[in-house]
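Per-chain numbering from 1; labels A, B, C and D assigned in written order.
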Amino acid sequence: MIIKKIEGLIAAPFTPFDENGDLNLEQIPAYYQSLKSNQVKGGFICGSTGEGVSLTFQEKVAVVQAWSTLTKTDPDFKLIVLLGGTNIRECIELAKISEEEGVDAISFTSPFYFKPANVGQLAACCVEIAAAAPNTAFYYYHIPVLTGGNYPMIDLLKAVDGVIPNFAGIKYTHEDFMDFLSCMNFAGRKYDMLWGRDENMLSSLILGAKGAVGSTYNYAAPLYHDLISAFNAGDFERANALQQKSIDMITLLGKYGGISVGKTYMKLIGLDCGKFRLPIKNMSQEQFVAFQSDVAELEFASFSSK
Amino acid sequence: MIIKKIEGLIAAPFTPFDENGDLNLEQIPAYYQSLKSNQVKGGFICGSTGEGVSLTFQEKVAVVQAWSTLTKTDPDFKLIVLLGGTNIRECIELAKISEEEGVDAISFTSPFYFKPANVGQLAACCVEIAAAAPNTAFYYYHIPVLTGGNYPMIDLLKAVDGVIPNFAGIKYTHEDFMDFLSCMNFAGRKYDMLWGRDENMLSSLILGAKGAVGSTYNYAAPLYHDLISAFNAGDFERANALQQKSIDMITLLGKYGGISVGKTYMKLIGLDCGKFRLPIKNMSQEQFVAFQSDVAELEFASFSSK
Amino acid sequence: MIIKKIEGLIAAPFTPFDENGDLNLEQIPAYYQSLKSNQVKGGFICGSTGEGVSLTFQEKVAVVQAWSTLTKTDPDFKLIVLLGGTNIRECIELAKISEEEGVDAISFTSPFYFKPANVGQLAACCVEIAAAAPNTAFYYYHIPVLTGGNYPMIDLLKAVDGVIPNFAGIKYTHEDFMDFLSCMNFAGRKYDMLWGRDENMLSSLILGAKGAVGSTYNYAAPLYHDLISAFNAGDFERANALQQKSIDMITLLGKYGGISVGKTYMKLIGLDCGKFRLPIKNMSQEQFVAFQSDVAELEFASFSSK
Amino acid sequence: MIIKKIEGLIAAPFTPFDENGDLNLEQIPAYYQSLKSNQVKGGFICGSTGEGVSLTFQEKVAVVQAWSTLTKTDPDFKLIVLLGGTNIRECIELAKISEEEGVDAISFTSPFYFKPANVGQLAACCVEIAAAAPNTAFYYYHIPVLTGGNYPMIDLLKAVDGVIPNFAGIKYTHEDFMDFLSCMNFAGRKYDMLWGRDENMLSSLILGAKGAVGSTYNYAAPLYHDLISAFNAGDFERANALQQKSIDMITLLGKYGGISVGKTYMKLIGLDCGKFRLPIKNMSQEQFVAFQSDVAELEFASFSSK
């Protein structure tokens, strides 16, 4: 299976909910149009940002279908589905459905209740799941801060190379640049290494990274397009300033409660995705007032998605 | 809601699988009979031992039904269902089904992908789930080694006391005896504190613990009945020796690969529950030979369930 | 070398400082008398409570000398010196000085900057240090919460047994009762296992522990003597209540800033040991007012050292 | 105090020991010459690589003097002394001695036994120590993997800015590039941010880092000079290849036992610094044979220091 590497920004969409906290699939076409208008090249759905772990299995299927309906005729938009991590059986079921739906890629993260005893055991999980969708690219999703599965990815590549024909690469959401570069250079640069830390993108570009998956590309894609352009033009001062702007924006997530703040940013660009489900905490109304003030100072509107 | 405290041993049953790794529900009646024959007072199903996280939602429902059919007419056997942790929506759905099935209690553990920001956020999850089965006792399942949710349980009790009418207590699978004793003594000893570390049971008995939930009660209940009897009789030397025997048995789990070794012990008492699903590793045939030798040296048959 | 096991309470003395934060050795005779008056059987000096890591080498020597002058003629008071952990050379030097001073025992904890690669490497450290004071009992000090050295102690005993003639036992400041009981029972109960968690003492007594080392025995020894008596008399309800009282007292440490609160308790029994050195934070005056109110509610005076 | 930022490579020298494990100060002049010959711009002595935690206080003084004698008349070589972390009193003493010896800078790392309760408490430590050598530049040494002190450095800068006149910057040995860039840009780029992860240098260069402190600059400085030149020339493919070479070299440290392998690399360039002290493990003779083979395959001689 020949897998074309992804270039550009892949957003990790939020899952839209209505006022009752139920799926609001009607929001998805507008969401897709927003990403397209802002030159985003794909969507990594049902991920951390998409609250995949908080969706029932049927809801995940519905989200996959809502997106694939839009994207299966769009060769310039890559749809990647995070299947899950802990529950291998459900990952396999969703892999099959995803392949039937014609998605571009599936993804799987390290089991986070029972942790694999070693990287070989993790590879065994990948083998089973990838085989369930043999015609679909498979990306491992490396996010040890959430899964606790902190295996060197170079060891995973060694374990799956030549074993999993549809293994395409890794969404790498971790700061180990030594491991990341080793993966980039492994086997003649065979694998597609997608950078997953928006706040450190610049440090991945210098290593040769071409694709990135992240949550802030949902609402601030122009900022990162500028950053990449500045880097490509050799204007490192400007790239630095833009990365700092990204950091200042992301710092507000920490200040106002974490991942759920992203949905508040979405409201500011006109896409109301509702609230995060439990166990995540949402911003109070008072916090929202203070947040708006911080956002204004940041001049968010000057670089946000339109 | 008046909740009667549980006394005695509650086993956390393994989920029986067949050769293909599919559910083998036919095994469950014999399993139930084995527990009854060995004076086990209940079952905590779909827990860690039961691989709840590796079962699809439909499989969990099937397991609940298979057990509840047997136990709903048996007032001397408490059936407790672990609903899950990470996915609150599915926990609520399974809570409703469990109440319809007439189980004695439901249980919930700390979300282990997105971790609650604080104990208040964890309590908010408990509120939502407990309300979905208002006539069923609710036990929080504290197992930070697997969930990463290491909140003091005394703080959880303070947060839910007077707020969740059907909050019955905690299955406490952690070694913080200071926190455990504080919970035992909280609010006039109102809550049912079930000890969850088989290897340390003796240290919980001296604090007044009367009920325990564990995996080794599946296959070595007589050992623990003896231990409790020795303690009650004031024969602490004998209690010490029996606890050491329990430790030696549990040490073999570590030696041969962890939680899946429990299913091998089950084979030795005549209940073949198949293998563990991925990501757990199962013993090789060679390891099994060595394991049998260690088990013989331990004189396992002298204290195993019959 | 035949080592007599320790029975009773060993306090871990605070190091007295004057207003400038310099050593106040004049306080030590009164400190010793206080311990004696309260039936404390020994002192574990320069430990965590004693801020050994914050004393210069010369200060440690001075503290050892100040105590050994008092205790070398007192066969009923065991003087144990914590040598340190990270710096093996200085541990060896202090071991030699300690033996010359006639202390009863030396102790060593796991190196906490460079962590030993495995328990064998930790044992190698013990071998070198114990050999520097061959006529003095050697206790390993297990406190992984501070050192990060979380090796099973049963593995350390296996590694040193028959190798270090003066290895006496372990001061066990950790909650792994499975490991603790295995150490108690190892090699015909050869080693002296001293319990190091005051708040969980009761759970160690039922396992057969006879000696304990802790910081709250400095100022609340009567409470623990009562607890031990209640346990020995089979009055477990009373033992439970006394352990809960100990927990309530220790909970105030957490509430008012941690380990330095112990020196505030000392002031209440009339022994002013000054403040803790940096990096530890001391209570503010405002906190002290609130603390006194909490202490009164606890009825501290009713069980404190006199 | 106006502090000039450091540009280029600062090595963290190993401390030379003789066959008995005692200091071998005679080695230091040749060591210094080797660094000079390889365009290394300074030395960070008594650090992790220099086993500062394993040296007695007197030994640390002797090492400081041996180096300062050579460097105090060399304005092109910056001598930085790591004072320690845990023991504030000894840090202050060594700070005074270091200032008397005319070193260029002192450094301090987070206390690693008692951890500061928050960044304010860490800043309080810095205040005390920096004040003891008011005419000497002070660098905080951030290495949370060893100290456990994982505070955001941007918070430390905010806490000390305007408070510690001689606070020069941070030796940043951690992978948090978001925090690192924020520190770089703080207060008009006032502070000197020295990168401390040799294996990730390239990702720091793109952020504007000009100085680096590391252990592999002791024996492979030419490799990194080439890497920096390639980066400056815009030849990112070559920079990538050189960084990968650095990674392959560093991977052998992990393969052969960790930090002590560095002293084996030193032997290969003709500077025998002896072995590491306990608790560090040294390579066996058998491992050394295999190591030499790996080193040959790496073509170490082609980029090593001469």
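Here is the rule we use: contacts are C-beta pairs under 8 Å (C-beta built on N, C-alpha and C of every residue); 3 or more make two chains touch, one makes a residue touch a chain.
Just so it is clear, the model here is predicted, and its values are computed rather than measured.
Participant: Going by average Cα coordinates, which chain is farthest removed from chain D?
Facilitator: B
Participant: Using mean CA coordinates as chain centres, what's the chain C-chain D distance in Å?
Facilitator: 36
Participant: Once you find the CA centre of chain B and the CA centre of chain D, what distance in Å lies between them?
Facilitator: Each chain's C-alpha centroid was found; their separation is 50 Å.
Participant: Could you tell me which residues belong to chain C and also touch two or more other chains?
Facilitator: none
Participant: Chain contact graph: line, ring, star, complete or other?
Facilitator: Its topology is that of a ring.
Participant: Tell me, which pairs of chains are in touch?
Facilitator: Once each pair is checked, the touching ones are A-B, A-D, B-C, C-D.
Participant: State the interface residues of chain C toward chain B in the complex, per the touch definition above.
Facilitator: Checking each residue of chain C against chain B gives 175-178, 181-182, 184-185, 197, 199-200, 202-208, 231, 234, 236, 239-240, 243-244, 247, 250.
Participant: Can you tell me which positions in chain A touch chain B when the two form their complex?
Facilitator: Touch list, chain A to chain B: 48, 53-57, 59, 85-90, 93, 111-117, 121-122, 124-125, 128, 146-148, 257-259, 277-281.
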